[in-house]
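You will see subunit A twice below: alongside subunit B first, and alongside subunit C after that.
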Partner chain A sequence: MSEHFTRRDLLHKAGRGAVLATLGGGAGFLVRKAHGQVVWQVDAARCLNSRLGEVGVAACNLCTTECVVALSAVRAVNEHSRCGRCNICPAYFNITSAVDDRGLPSEKLCPRDAITRRPIGKADPEDPANNFYEYLIDEEKCDGCGKCVMQCKEPLGLGSIVLRIRYNRCVDCNRCAISTACPKDALIQVPVEQGLRNDGVH
Partner chain B sequence: MTGSIEMAHATSTRRAVAAILALFILATVAVPTIAAQSIPYQRPVDTAPQEKTIGGGYKTPAAQKPLPRNSWLQLLDVAVLAAALAISSWLVLKRRSRKALVALAAGSLAYFGFYREGCVCPIGSIQNVAVALTNPQYSIPMVVTATFFLPLVVAVFFGRAFCGGVCALGALQELVLLKPVRVPRRLDRALGLLKYVYLGLAIFFALKPARDFLICRFDPFVGFFRRTGAPHMLMIGGAFLLAGLFVGRPYCRYLCPYGALLNWCTRVARRGVTITPDKELDCGLCTDACPYGAIEKMRAVRRNCLYCARCYAACPRDGKLARAKAQLVTLSAEPARS
Partner chain C sequence: MQYRQVAVIGGKGAGPGQFGTSLRGIAVDATGNLYAANDSQITVFDAAGRLRRRWSTSQPAHSVAVAGDGKVYTGQIHQIEIFDGAGKLINTWRDEALLGRVTAIGFVNGDVLAGDATGRAIRRFDLSGKFRNNIGRDNPLNGLLVPNGVVDFGVDAHGIIHATNPGKHRVERYTPAGELLGHIGHFHGTDAAGFGGCCNPTNIAVRDRIYVTEKAGPRAKVYNFSGELEAVIAADVFDANCKNMSVAVDRQGRVYVADTVKLAIFIFEAVAV
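For the complex of A and B:
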């Protein structure tokens, strides 16, 4: 080897060393400023459907239409600790529909019938205002259209329903298609711990 | 007689039509009046009742929260990438087996393509790395850093092993290449410059304040991996695959921005494809077999070689059959073969 060592070999070696040094330097720089995993999150304070003051406008369904996975990775979540458990829930019922014989709106709001309700304890038919209901959103039916989110906030509701990302479905696109379409820049990348905390509820 | 029956028939039809019309008008007028009788809605409560106020031992259900992929699964991706790179290098440089390499490529296509749905890939990671290097606020996970640098470091030592057996986009095109035609060398060179333009554009748009990741947006094959995608991108992907039946790996050779980086790293590579282990036959079968125009003067041009190992498969001096033939030759005619 040593007797055949030419200038060409030397240049080659030097070039390799330079490239390796560049790569190593770049990698080292990035590793030093790296944090753990990041995930996408819907910022409820920015999202058109859940942010306060957006009343009387049509619900934004870009999360449904823009997401690259078949059933959107965004869905509505009922934060039960904030839920009013109302007898007539504006997110469960279409409150502009006609009243039926039980005194309740005759239509449901959800186009995919993803919300179910069951009385908590025994429902008293004489005192409907004090009957509490638990509202559950079926994760497999919800496509994140945001209609219920738009209804459940001041002044109609308490704002317990927000849009969240189901991380088991989200493919974590480099360039989240929803984030580029969202008019309010509500999709943000956050460290995974923050994404898993129950924050973002106003 | 017959005429009057017909007349009666006609009147009854007319009556039915009138009745349906009347019903329709009634319905269109009546529905809004019913709808107007909705409740004057008022919020029933001002605060959320909690477990104590509800009573009866009620427990607040936890909000459903599907977790993201475990971090160890992300590490597994990097480990699989590293292992695939090592196996690909070994298969091409030592084992010299096209069959095994195609099997590895199919495996990579299944894992990185269809299971991981094309994310995260070294090609797209260029953009994250570019943003992270220039923007102090932006930081990228270690997994993405590793995904970007591993194939480049391997290329500095062993050449473009990533392209041969690891890249899902490359594997898809490798598998559809049925009838390779030779692209005229000049055209091939000119088209090859596109990838540098694309690399520049991708970095430029990634660094712009309105961050746009062109490489991901115009990834022609990710739609197939996810079995869904924008119709125009699926069409472009289909066009690439159709062209890829005849033109070897068009995306890799002419557009892939990561290919541009690998090209640079491979210029100083320690090792590369050597077509025959001892001496060349000068028969030119390898040159004909190379769909990528990467063999010049019977030698593999490292920076363009995509590690498909077709040249080995075409070489009469390589592989088991070749060794058997060589022995036959030794036995019958050539006693002095060392």
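For the complex of A and C:
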């Protein structure tokens, strides 16, 4: 084995191959688990990036740096039913960047450009504020760094963006590396059925 | 222009003059008495900040306003309760369609205005409670952009309604009939003259000037009617998690701001410089 071949690489290959190829996605992964078993999930009420009351602090990116899966098995997810569909979304824009000639912040927040913004319906060319906007997160790009989650939460936003473990990526370690590192004990084990609900698989 | 904090009223607690779990609206009457819509009650303080009286509302109170005749209007879910100055219930207007969540109440030309956060509009009623027209709804978005969940407005001496439209980072001017006359304000993330975040300003009071509050970070500011920032009244005193801080101004120009986390009303006065 190459000296540059890390445990993360090994688990990434093995985990992604086993989960994606053999089971074909998160639902398959969970269905494989017997009723009554547990899976890891991020508790948004504990996560530093999403828990209320934590304002004015830098986003925690331990889900990115500690997970054994490449990029991380954790992704940011926008719960659209809770999203304000704002013209200026603090999770999309760097809201302290210079304002451009359209009256919008000139920089995006996401370092991996994983969020796209598109008008809902016909945009008003004269006034971009005169519209709702949809914010979509590309999970292939997202590495779960939590920056958008921190900016989206109350009181700045509505808390529609949260971090979630994606079961088509998670390799289900017995001792989750993120849970060991998380200062808020936000990685919890939940019943498979709850994991399915949280993952949007019913 | 600069402001200094001169007093704090209330605070979280069960004692007299304190607030239990919520402080959503404040108003000042013509004699300087301060009214708070807190929990499921109205609490009244005199101009010196002493507790005068309080009475219960049938539901949690989301807003309060005092009419020229001394009647006290309180906005709630699906209704407005109207009390006399002593707290005796006079009337209740119920309307599930037009009074979703009433987060602001005001008066113009003998009519009553209700800010309906559910409908994202201001509803205009006559004094009998008969609906007359909407304000802020005749636009492509069918209403004001209020992801913060509050519609708020003030009425100037000429009967012009100044409504916050936080999703657009503006304060818009309307006639009582609902015609949009113009706006002040723009987004800016670092310049105090602009409105920051996703959606500001959240709350407003109008007298000789336009007084607003913002969330994340919470602050109170005052603008002239041309939209020029005259002063940041205060920022650091408010809890960082505050949002939707109701603001009121009395005849002496004292500014009252409700901290929705500390459950306290901060009072500021302009100081000569």
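For the reader, a short list of remarks on this structure follows.
Methods note: the second predicted complex is superposed on the first by the 156 of 202 C-alpha atoms of A that agree within 3 Å, B and C clash if a C-alpha of one lies under 4 Å from a C-alpha of the other, contacts with A are read in each partner's own complex, and residues count from 1 in each chain.
Throughout what follows, contacts are C-beta pairs under 8 Å (C-beta built on N, C-alpha and C of every residue); 3 or more make two chains touch, one makes a residue touch a chain.
Quantities reported herein were computed from a predicted structural model and do not represent experimental measurements.
Put subunit B and subunit C next to each other and count what each touches on subunit A; the higher total goes to B. Once the two complexes are overlaid on the shared chain, A:53 sits against subunit C while remaining clear of subunit B.
Once the two complexes are laid over each other on the shared chain, residue contacts for A:155 go to subunit B and to subunit C alike. Using the contact criterion defined above for the overlaid structures, shared-chain residue A:196 touches subunit B, although it does not reach subunit C.
In the superposition on chain A, A:169 makes contact with subunit B only, not with subunit C.
Within the superposed three-chain model, A:87 lies in touch with subunit B and with subunit C [touch as defined at top]. After overlaying the two complexes on the shared chain, residue contacts for A:99 are found with subunit B and with subunit C alike. Of the two partner chains placed around the shared chain by superposition, subunit B and subunit C are both touched by A:132.
Taken together, the two structures place residues 84-88, 90, 95-97, 99, 103, 105, 129, 132, 155-158 of subunit A in contact with subunit B in one case and with subunit C in the other. On the subunit B side of its complex with subunit A, the touching residues are 34-35, 37-39, 41, 43-50, 54-56, 58, 60-69, 71, 74, 117, 119-120, 124-125, 127-129, 132-133, 136, 139-143, 145, 149, 152-153, 156, 212-213, 216-217, 226-229, 264-265, 267-270. Residues 139-141, 145, 147, 167-170, 186-190, 194, 196-199, 215-218, 240-243 of subunit C are the ones touching subunit A in the complex.
Of all the residues in subunit A, the ones that touch subunit C in their complex are 52-53, 55-56, 84-90, 95-97, 99, 103-105, 124, 129-132, 154-158. Against subunit B, in their complex, subunit A makes its touches with residues 12, 15-16, 18-20, 23, 26-27, 29-31, 33-39, 68-70, 77-88, 90, 95-99, 103, 105, 120-121, 129, 132, 134, 136, 139, 155-158, 160, 164, 166-175, 180, 192, 195-196, 198.
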